[in-house]
């Protein structure tokens, strides 16, 4: 109980300024619309993006959405910074794939479509076990215990090939068991819809959780654990239950991943995986419920697409994080909410020209910078293939002065213009915010 | 010594001080009175360079507006913030140590002076300041600032949460400061000691000075008291 | 006796090495409360810079130049990145160092390639210092121990002879008040972060050739140095020192212990066969888990004594 | 005499080697309003911390309605019907005012750790929270985040959370600290209003508040309760005069109301 | 030579291995090796006259990511995939290819495994569509223990390895083979340590010294190998060390930095082939990239593929797979044969010794001034091991 409430709030990682816009609250009709739109997107996405790769990505996005949302139950809602969330999704995945193998052998009479629930149960059980010790603590000690447990489990995973399958992991075949209506889950698209269904339901359930007494007390524990004790709640128990629920959803996502990949290897419990959940949940925005959804989508895109597009993807990723944390610590969700607030006061239309200008100039700057980064990488990695490379269709010569000068020029121009746009935008934004504050005051006075 | 003219201060976009002007002379206790939210603390922060402001703030004849807080502190202005900003994880002694600006320079005040002033602090010397009682914390902040050997000390609501006897004690010590040639800008809202010890009183309302005069005149000016100090 | 002496020597020297690696982190973590995930990256930079500069000017100048360069980079990072996010809290601080570690890794690979570089121990320091029971003790290891002790001394002086530690701790909760008392808080923060980075850099100069200088070296030491800092007690230099030695010695001796739970079970008359439940777990020897003992330590420590060995606070 | 609402029996507390509370005895009857006064550092807040379970006592007993509560956790004590506020504002900064209050009422209405019901459907809890909102006069700030409230509003919210659970014994630690005279006055009325029929203990330095609010005054000096009596008798008490009152400041404060 | 009907056709191979992250160095070297060999063996240089094209996909060393890259490759129309770095990813690909071919008849893929050496891939988990070009752990151990059979002075050996499937398998096969060939050799001790977790190997060295072993056998690779060697040098423990992976990118440099040491490596190649087609590749690769060409399996793989396409008269994987079974081609060290029963290539094995370059062995590995010199050569039958593979073969065709 030595942690001051200030510490606790800081650990929750919320940006105070962004939080002020929390008041924006869609009407209930709005909520219906949002959920229907979400369902619709899940339904039609694979019809629009129909290549095999994009379907794989969509399935993985569904899985990632569940796990990132479950992670945010801890981080965003409970102020618990976990470095070991992959342990729970991973254990869910392992148990699920073992169960799948049992189904395959005919020992376990369970429809494949319910397998994720097995994963969920496994995740929850794991959380019951480890959560008992981790949730005794909050703040930094909590973070460090989860780090330790994560490292231990990962190291152990390679040592126990019986259960974890060693380097090769455990593989399985999802086309087993009963086949209701001829659904075998063999084709990716069938699996996609199963995952989409789970994603939708889990998102709904997790959102519902934020509206329950426990969900609210979890927020209270994040903000000021000390006070919570004086309104009758055991903070430890609040954290523990929430931890188990988060473990359950993480386990579901693990179970879905087991179905999707039909193989589970030790990397699913690795620290790198946990780190990715943390980074992308934060990037999406931990202070808003829907933030992690954005984060999850970006995570899959970064790992699957970006890494194919450029060898420098880790560098870009690092830079994106650096800048996001510096300039938008509330994540993408907070940027969206800020603009929604402006929109709700009918002022967004004034801004779009600025946005276009900003985006345009930023793009130019980026192009210049990326051109140079790509040339450096090319020089370093593919020098033997000759100095030429094409970057977005533009032929560049990594050893030619003209390419470099060109890139520098493009970047410098972009940067200059961007700065000009940024300044005007900043002034404009400030003015609008001022007006909005005034308007709020006025409404308050009226009320 | 301290001369303030046409001072405007802002929190982001909200304009809090509207052209404040007053002076504090050498060896003088000036009380700055006013209701909650009238802008007294903001004035103090503006002098210390802790908020955005425009206008003139002169100290011993040189402009100090726009300087960093630590530079201003080095010029000899001490600030005792409101709401007891003690450093909770440091011991009482360490808190006092941080009041000193450099390790070398010898000031008017020693640790012993401080402990002599409030024996309670001496007893609690090696305790974490965070667990001190509310009143003890208040004493500590005052002493901490004195350790920096200021020529002018700005005290924001020092008697808050102090037992009546201690309030009186603080009043006496402020007078002692004055005797040692230190100027005091005392921010208060309960008139109790302010009226007794100050040489001059200022009343602030809505971000500007609405009254200047001796405590005596203020006591007589029922209108000002009613309009700007009480309900 | 022979085995014991040598193991003790190995344990102490490994412990000192751990301390060398984590001292900068302790400094930053204890003072600024920043979980600097890029600490190991600074360590790596130190090694690569030393490799680069020692090719030009030799090892001894590199020993000085390289930490200074790393410290400078650390200070710049604090000045232009970390400082901006400080006000948002610990999680963003941690994430920004996370981001930095990606960038450093990529840049290192771009400049020095993806495989290990040939960074060697200088001739003066290679070879054995003395031979004990037929086992050599290398000079370089002694040098490493010496530097670790120097680091301890330097940080200790910094903490006890100056008020920097107090200023920073106070500034963590009340930066404005500390400034109003006349302390240039931003500069102190920058110096401390730069100093911590420089210590990591120095560890890199020395660890880089003692071990392997390659892009994976940061990832390899990353987690374990956190263990040292936490087990020792956040905010406690002495704790970090004791924890390093304890971990070093225990881990070293654990390698020599070949008993397992199965052995323990059989002494109480329980016979486990390969078919019994969890056989692989039972037959696991202590020597097999020696390298991950630190993490067990960490978990147990946080459960039973969250302040750490010599720490005073939990958060 | 009926069972006292709150009783302290030879309560002691040491931090390290210093004994801060040195055998405090006190017996408060149900429905009494007690002001706890005493010099700075006398141990008033510590006493509250011991009663509410924030610190464990070194020795001695605390009885709530005759039941021993020393050694229990804060949340257990709270569930038994004792609630407290803090000298330094202690609210949920990132929740709205309404949510702050609702957090205060949930346990007492039996919702415990449930996650199978929607908050929006808990009519009784919502009604109670709205009611509290009116009582502390923050209706207009209903959806404002607590951290964006002014200081006085935060203090009011602090009290609101404290009384939210409907506890029968309420401890307030310097509820009016940092408020102006007019606000203080309004606040005393508020406290009186919301604690009707409850047992109230409050720490105060402002004699005006003390005499305006209390049925009885307990004087804590150096970790002991040296006097516990009606205001007039306490004022007349010689020891109290020496230790605490007896200054022009106190007189001025007391005269103010 | 009659012109092949396939001439001029392009055969595209998707290479999936880590191209970023901690193992990027190995992956990038191997991608270059594939591309270089493909360039050399295209057109007239293969009996089918086809052009080989190798495109790199970054699987980040992760089994799951490998499945994504596999999907990406399939989307882009690749029918041949190759991978080698790590058996984890290898098993994932083997399994996924099997399933894909099962579910998508007519669109089959072939997987060339050039370095993933887990024996299970050609035993209990074997697949018709998987062809391994490297020698697996058991074969290498067969060669190694055969060498020991001829070293009567060797009396006790210490075995140390990483505690994961590869390290465990090395230990297991070593003990089995030794029991068969040299039951008199004592196993002085056995240590399995967590992979990538040990920073300081001196405690292990002390333990080895204590045990009085005359030699060390280890399957360690990367840091775990170099740090072990360094710790031995530091402590002055000068006993020979038998390894699997002393030649992997980065390790030689680190070995050299640690000074002289007695390290043996068992492999299907060595660094001093300077003549013939392979000699040209090795030397020109070095000239072009200033990097070592050590993944000779790329050469064998393309040789086999070319021959199989010519034999099948088609580049259709279903037909090529059939043609590959039992196929024999002439390679850099005699003939190599793709055993039909388990799709494990049978080839000559070498024991290489780490030593300073000399006249007979001039090739400087990673420009360190050291080289791997062959000290022993075993004909394919010596290291051949039995298989438990029960292959599911496609019914038609």
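Think of it as A, B, C, D and E in the order they're written, each chain with its own count starting at 1.
By our rule, a residue touches a chain if its C-beta (ideal position, glycine included) is under 8 Å from a C-beta of that chain, and two chains touch if they have at least 3 such contacts.
Just so it is clear, the structure is predicted and the values come from calculations on it, not from any experiment.
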Going from chain A to chain B via touching chains takes a minimum number of steps equal to 1
Return the chains common to the contact lists of chain A and chain E.
C
Shared touch partners for chain A + chain C come out as B, E
Report which interface contains more C-beta contacts, comparing B-C against B-D.
B-D
Can you tell me which chain lies farthest from chain A, using the average of the Cα atoms as each chain's centre?
B
Chain C to chain E, mean C-alpha position gap in Å, rounds to 35
Averaging C-alpha coordinates per chain, one finds the centres of chain B and chain E separated by a number of Å equal to 77
State, to the nearest whole Å, the distance from the C-alpha centre of chain A to the C-alpha centre of chain D.
44
So chain C residues touching two or more other chains come to 109, 113, 173, 288, 292, 313
Shared-contact residues (touching 2 or more other chains) in chain B
88
Taking all chains into account, which pairs touch?
A-B, A-C, A-D, A-E, B-C, B-D, C-E
Sites on chain B touched by chain A in the complex:
13, 88, 130
What does chain E use to touch chain C in their complex?
22, 24-25, 28, 163, 191-194, 196-200, 202-204, 206-207, 209-210, 222-223, 226-227, 230, 234-237, 249-251, 253-254, 256-257, 259, 366, 368
Per the touch rule, the chain A residues reaching chain E in their complex are 51-53, 56-57, 60, 155, 158-159, 161, 166-169, 171, 173, 186-187, 257, 261-263, 265-268, 303-304, 307-308, 311, 313-314, 381, 384
Provide the residue numbers of chain D that touch chain A in the complex, in ascending order.
52, 54, 73-75, 78-79, 83-84, 86, 90-96, 99, 102-104, 106-108, 111-120, 122, 125, 140, 143-145, 147-148, 161, 164-165
List the residues on chain A that touch chain B in their complex, please.
4, 430, 433-434, 437
